[in-house]
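Okay, so chain A shows up in both of these, paired with chain B first and chain C after.
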Partner chain A sequence: MTFSPQLEARFEKLLKSYPPGRQRSALVPMLLYAQDEVGSMTDELIDEVAQRVGVTPLQVNEVLSYYSMLHRKPMGKYHVQICTNISCLLNDGDKLWEHACKRLGIGNKEVTPDGQVSLEEVECMGACSWAPAIQVNYDFHHFITPEKLDQLLDSLTKKQ
Partner chain B sequence: MLYNEPSPLETKVLSRRFGAPNSASIDTYLADQGYQAFRKAAGMKPEEIIEQVKISNLRGRGGAGFPTGMKWSFVPRTSPKPKYIVVNGDESEPGTCKDRVLIENDPHQLIEGVLIAGLAVDAHAGYVYIRGEYRYLIEVMEKAIGEAYAKGWLGKNIQGTGFDFDLYAHSGAGAYECGEESALLESLEGKRGIPRIRPPFPAVVGAFQCPTVLNNVETYCAVPAIIRDGGAAFAALGVPKAGGTKMTCLTGNINKPGVYELRLGFPVAQMIEEVGGGIPRGRRLKAMIPGGSSCPVLTAKECEGATMDYDSMSARKTMLGSGGVIVMDDQTCMVKALMRIIRFYAHESCGWCIPCREGTTWLRKILVRFHEGGGTRSDIDLIGDIGKNMLGRTFCPLGDAAAMPTISFVEKFREEFEDHLAGKPCPYEHADHGIEVLSLSR
Partner chain C sequence: MADLVKLTIDGKPVQAPPGTLVIDAAKTAGMEIPAFCYYEGLTLQAACRMCLVEVEKMPKLMTACTLPVAEGMVVRTETPEVAAARKYMLEFLLTNHPLDCPVCDKGGECELQDMTFRYGVGESRYTEEKVHTPEKQYSPVVFFDAPRCILCYRCVRICNEGLGVGALGVVYRGVGSEIAPNKGDHLECDECGACIDICPVGALTSGIYRYKTRPWEMTHVATICAHCADGCRTTLGTRNNQIIRGNNRDRSGVNGEFLCIKGRYAFDFYDHPERLQAPLMRVDGKLEEVSWARALEAVAQKFNGTLAAGGSFGVIGSNHTTNEENYYLQKFAREVLKTNNIDHHRTGDVAALLDALSGKEAALATAADLYQRKAILILGADLALEHPLLSFQARANYRHHQAHLYAVTPGPVREDKYSVVSIRVGGPAAKVGGDLGVIPGRDVGAVTTGPGAAPVGGPGVVPNPNAGAPSAPGPRWAPVTGPGIATGDPSGFCHPHNVEAGPGDYFAALEHLRERLKAEPELVIVFDDSFKGQDIKRLVEYADSLGIPVKYICLVDYSNSRGALDMALTPEFLPGYQPSGQPGMRVDEMLAAKLDVLWVVGANPCKAPGAGDRGPGFVVVQDMFLTETAKLADVVLPAACAYEKNGTVTNVTGEVQRLKCAVGAMGAKPDLEIMGFIAREMGVAAALGPWLPDLVLEEIRATVRGYDVPAPALAFGAAQTRPVNGRPSSETRPELVRSEHNGLFDSGTLGRYSRVLNSVLEKRLSR
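So, the complex of A and B:
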C-alpha cells in the first residue's frame, strides 16, 4: 500500500519517537493520520499498519475498535460532528443536532447519498466555553445556531 | 487566538502571554522571561527543584488535585531505567477546555515546565499526549518543539547545561478514558486505553515500564513561574493548602462563557456574576457543577459562600476537579442533565470493571426511559442505589465519575425526578427554551 510522501514522512518520524522495540507506540496516531488520507480503516490499511509497527492485524483491530475517531466505514467528505454533551446541551446543542438530522435527512454516523456530508453526535470535544460547538473534520466552529449551521453546510456543498 | 475577552478580575500567571502577537512563537516567549526558569533550575539540585514545587502548594490540575511536588518525589532516584515525562493533554472531561488554550497560546511554557520536571527527576525524554480531536494542537506543539530544537532548548546539551532532553507530540484518537493516567500510558504504548492495576504507580512503573512523571498540561505550565518567582510567591496567590491560580472554564448558562485564570479561593458568586456576567435572560441560578461533569452538583444555596478551591469544595462534598464550571439556570431539567451526563459515561466506559460497564449502561437506560415519561417511583431510589454500588468499586475513577453526579442529582433534586412521574414527558421542557425545532422523533 502506498501513502503520500507527507504521510510517509510522518510515519518515519513517529516510528523514531519511541524507545527501541516500542514501535507499537506509533499505532494509534498512525491509524488516525492514515485514516485522514485513506478515508477509513480498510482491511488493506490495517494489514499495512500492522506490518509497519510489528503487530498482527487482529491486534490492530482490537485497538482501533476502542477509539471513537477511528471508523471502519468511510464517512463523508465533510464529517460534521455535533456535540450534545452537558455544556452544549445547556446551550441547545440537542436542538442543533435534531436540526442537522432533519436538514440532511441522515442520522448518526450516516452519510448523504452523494457522499459529501456525514453526521455524528459526538461527546465533549473541548469547546465547552464556546457552546454549542461542532467540528467539521478537524475544524472547530463555535457558538453554532441552526442558521449558522445551514450557512456552513451551504458553503461546504457549494465548494465542490 | 483568544476565544473570549479577558476579565479584569483574572490573575494572569499562566495566561500572561495570551493575546500577545504570535504568543505561541519561541521569540515571543524568549522576549518575556521565557526559558529563564529552566536556566535557573539547571543550576539547582533536583531535590531543590522538587522542594520549590512542594512549597508552591501546586496540586494536579487535571482533576484529582494530588500535590505535584510529592508526586515527583515518588520517582525512584536510583533506578537504572530511563525515566519519562508524560503530559496529559487528553482533556475530555465535559465542561473543560483550558488545556486547549494553554497549548494553543503558549506551547513553550509547557515545554519549559516539562524540561524542569525532567531536571527534577533526571528524565531525558517526554511525550505530550494530545486528544485526537485537537489535531490543530498537534501541529502547534510540533511547530513549537521544532523551534525549541532549532534554538537549542531541546536536544543534546541544552544551552551548554549538559542536560539532554527529547520531546515528542503524540495523538490520541477519541477516548475519554485515556485521560486517566494509566489508561493514557496504555494508549501511548499502542494499546486499548484500559487502566492498569495500581500499585505500582506510574512514578515507579509508568511509560514503557519505566519511572514516569505524568501530569496535566496546566500543572506543567505552572512550573516555570514557580521556579522563576519561587514556590512561596506562587503559593501566596492561592489559599493555604493550594497555591496559585486555576484556569477556570465557565460554561453552560452564563453570559460571558470563557476560560479565565482565577486565583484559587475565588468566590463562586463573584465568578458567576462578575467574571461570567451572570445568567442570561434574567434567570436565576439553579445548580452548578464546579469541576467537570464527574463532580457532585451543588445547589444554588450550596454555592453561597463557596470559593473555588479544593477545601471549600470538599467541605461541600464535591471537588474542584478540572476547573470546568457548568452553570445551570432555573429552567434546566435536572433529569435531562443527568441523563446526558450518564449517556456520556456509558459511552466512555472501557468495559473492564463490571460495576462501571453495567452500572453506566443501566443508568443510561433507566434515565432515558425516566426522562421520556416512562419512569416509576421505585426508579428514583434505584438510580441512586446503582450509583452507590458503583462508587469505589472500579479500578479507575470512571465508575466514580459516573456515580458521583448520579447520587448528588438524585439526592438534591429528588422533587424534579418525582415531577417526571406525572406521566407526560419532561415537565421542565419550556417552549421558550431557546430555538424551536421540530423533532424527527416526535
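So, the complex of A and C:
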C-alpha cells in the first residue's frame, strides 16, 4: 500500500520516536493519520500498518475497535461529533443531538446520502466550560444551540 | 537459596524467592487465592479482580497475582472485607453471564461456578435484561459463546504466548467486548484447542465435546497420544465405552498441559466406520469375514508349513505399536521364524546418533531440557508443525528464561519470531543434511570447484537466495534474523526495524552462527532426517568443536518410532542396538523379494501407488483399517488401536511412558495378543513367553540395553532410557531413513481416519 510522501515521512518519524522494540506504541497515531488520508480503516490499511509496527492484523483490529475515533466505514466529508456527556447534557446537548439527527435524517455513525455529513454521539471531549460543544472534523464549536447548528451545517454544505 | 523472602500469609510464615507473586507464594503454602485471569506461565493481566487480598500497611486491597512478595509482608486472604470484594466482583461478572449451567459443557468443572458457590452470590440486584449475543462457530473445533465470557484473556494469552499463533484477540470495549478470531469470522490457527481448555467458564467450547456429556459422568484415563513422536500424555474422558474428549488438565506427563489438535481431538479414528471388527481371509480371491479361530489357524498352518519347507519369511513392523509388541514381534521373527528379515519405516537415524555419541554421558536431551537449557539449535525441521510439544517447550523456554534459539531451516519457521539467528538454507527440493552447512571438515567460506559457489557438504546443494537475508518470505511481521530477545516482548513479536542485519553472505551467516553458538554456555541440538549417517557424525564433531556441553534430539515421526528402533525392528540390530550379525532384508527388499510369507504388523508399506503387486507369497496383515497393504493380504487380523491397549511407548526424546487402555475394542485385539495367539496356535508359545504387556515389559527391562528404567518412574510418568554407550558397530542404512514430515493436520495412514484432522480448514491450506 502506498501513502503520500508526507504520511510516509510521518510514519518514519513515529517509528523512530519510541525505544527499540516498542514500535507498536506508534500504532494509534499511525492509524489516525492514515485514516485522515485513506478515509477509513480498510482491510488493506490494517494489514499494512500491522506489518509496519510489527503486530498482527488482529491486534490492530483490537485497537481500532476499541477507539471510537477510528472507523471501519468511511464517514462524511464533515464528521459532526456531538457531546452528550454530563456538562453538555445539562446544557441541552441531548436536544442538540436530536435536532441534528432530525435535520440530517441520519443516526449515530451514519452518513448523509450525498456523503457530505456524518453524525456521531461522542463522550466528553474536554470542552465542558463551553458546553454544549460539538466537533466537526478537528474543529471545535462552542455554546452550540440548534439555530447555531443549523447555520453551521448550512455553511458546511455551502462550502462545497 | 539463601536469600528467601519471609512473609506471613494468613498467620502462617511463608518463605519464597524474591520476585515470587503473592498468589504463588500462597499456593506453595497450601492456600488457594482464587483467580480467573491469572494463569501460571502466562503474562499478568490483573483483569478479574478475584485475587484481591488484604496486605498490612497497604491502603487498599491488592491483587495477589501482580504483587511480588516483600520482606515482612503480612497478607490476609480470607477476611470479611476480602470476601465481600470477591462477592461483588462475582456479582459484576454475573450481570450478563447466562445462567445456563445445566446445559453448559463447563458445568461441574467451571471456575466461575465454583467461586459463586464459595462466596455465596445467591442473588443478583440487577433486574435489567441481560445482553445476549448468539454463539459463533470459529472453526470445526472452536465455538464461542460471548455472553458466557468473563474477559479474563486467558485464551488470548495462551494462543499468543504459549502457541505463538496469536489467533485470538478482544475487540470492541466495555460490555460489547468479544473474543475475536484472526480471520474476521473464522480462525486460521493450529486448532489445538488450548484456548478451550484454559477457559475458566464455558465461553469457548469444542465442536468435538460440546453437549455430549456432563464432566462427572466420564471416566478419565491417562494415556499417551497415538500420533506423533512427542509422546504427550492425553487424559481421555470416556463414557459407555466411548472416548468423548481428550485433555491433560492435570499436567501429568512430559507435556504438562500442552496438547495439539492430535492429542486433544484426533482420537476419533478409533470409532471410524471403516474400523475392522472381524478377521478377513482371502477366499476365492476375495477378502471375506471369518472367525478368529479360523484366521489364526490359517496363519499358524502357513507359518508352520513354510518353516518346515524351509521357506522364506519377511516381517514388517510399525511405528505405532508398543515396545512390548515390537519386542515380541522381533523375538517371534528371530527365534521362531528364524529370520532377520525384519524392518519398519525408519523416520530418523537414531542409530547413527547413538553411534556418534559413543562414550558420551548425558548427551540425549529430554522434552524438559528444551524448557530448561540456555540455547537451542533447530536444524531442518519446522518444529511448530511437526513436533508441536518440542516447539512449545522451546517457546516457553524463550518466554520464561530468555533462552537463545537458533534455527537453520529450509523454509520460514515459527521460531524465526524469537530466534537469535535464523538462516534459510537449501531449497525445499534439496533438503540434504550437508546443506545445513554447519558441517565441519571444510572451511567456512570455501566454495566448491566448478561453476557457482554452492556450499560444500552434500549432493544436490541449492544455495537459498534468502539465506541470511533479513527479509525472506514468510509472515511479514516475522523477521528472519533478529534479536527477538532484545524486545523483551513475551509474545515474541519483533519489529522489522529492530532487526540487526545478519551477514548477507551465506558463509558469513554460518560463521556468525558458529561464533554465537560458541558463546553459549550449553546447547540442545534438534535435527530431523536431513541429517543421517555420516552427516550426524560430522554434526557431533561440529558440536564438539564448540567446546560447550551439547545434548541432542534426533527427530522421528510417530508415537513409537523410537521404540521400534530401540526394540530392533531392524535387520541390522538386536534390541538395545546390539549388532544382529547377519542383517536380513529391508522393507523395500522384502517387498521386492517375493518371499513365501510376508507378515505386516500395523504398517502400510504398500501405500505408494504402484506397490500393488505383491507376488505369489502369503501375506498376513494386522491393522485397524483395510489399508492399501491390507487389501493385498491373504489374512487380515483386526488390531486394537493405541487407546484400546496397555503397554509402553518411547517418545522422540527416549522417554518411556505407559499406554493405558481407555476403551474396549469391538472385535479387534491388541497386536501383542494376536501375536501370542499365533504363537499358541503354532505350538511355540512356550519359547516366546507370555504375551502380557507387563511381563514382556519386565523382560525388556531385564534384557534390553538402556531400558532398565526404574519402575516407579514408569508408573507415574516418563523415564528416559539410558543413552547407549558403545558403538552399535553395525552398518546402518541412512538412505532408508525418511521422515514423512507430517504437519499438524496429518498423521500418516492413521491421519486419514480422523474426522477432525480432515475437517479443519487449515488442512486444505496445507500448512
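Keep this in mind: the second predicted complex is superposed on the first by the 160 of 160 C-alpha atoms of A that agree within 3 Å, B and C clash if a C-alpha of one lies under 4 Å from a C-alpha of the other, contacts with A are read in each partner's own complex, and residues count from 1 in each chain.
Methods note: a residue touches a chain if its C-beta (ideal position, glycine included) is under 8 Å from a C-beta of that chain, and two chains touch if they have at least 3 such contacts.
No experiment lies behind these values; they were computed from the predicted model shown.
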Checklist entry - Touch check for A:24: first (chain B), second (chain C), both, or neither? => result both
Checklist entry - Is A:15 in contact with chain B, with chain C, with both, or with neither (first, second, both, neither)? => result second
Checklist entry - Once the shared chain is lined up, is A:108 touching chain B (first), chain C (second), both, or neither of them? => result neither
Checklist entry - Which of the two partners, first being chain B and second being chain C, lies in contact with A:53: first, second, both, or neither? => result both
Checklist entry - Comparing chain C with chain B, which touches more residues belonging to chain A? => result B
Checklist entry - Between chain B (first) and chain C (second), which does A:129 come into contact with in this model arrangement: first, second, both, or neither? => result first
Checklist entry - Which of the two partners, first being chain B and second being chain C, lies in contact with A:61: first, second, both, or neither? => result second
Next on the checklist: Under the contact rule defined above, give the chain A residues that sit at the interface with chain B and also at the interface with chain C.
Outcome noted: 24, 53, 55, 62, 66
Checklist entry - Can you list the residues on chain B that touch chain A in the complex? => result 3-4, 82, 91-97, 99-100, 125, 127, 131-136, 168, 170-176, 187-193, 208, 249-253, 257-259, 289, 293, 324, 326-329, 332, 336-337, 340-341, 344, 347-348, 350, 433-435, 437-440
Checklist entry - Which residues of chain A touch chain C in their complex? => result 15, 20-21, 23-24, 50-51, 53-59, 61-62, 65-66
Checklist entry - Inside the complex, what are the residues of chain A that reach chain B? => result 17-19, 22, 24-29, 31-33, 53, 55, 62-63, 66-70, 84-87, 89-92, 94-95, 98-99, 101-102, 123-131, 135, 138, 140, 142, 145-146
Checklist entry - Tell me, which parts of chain C touch chain A in their complex? => result 166-173, 180-182, 476-477, 486-489, 493-498
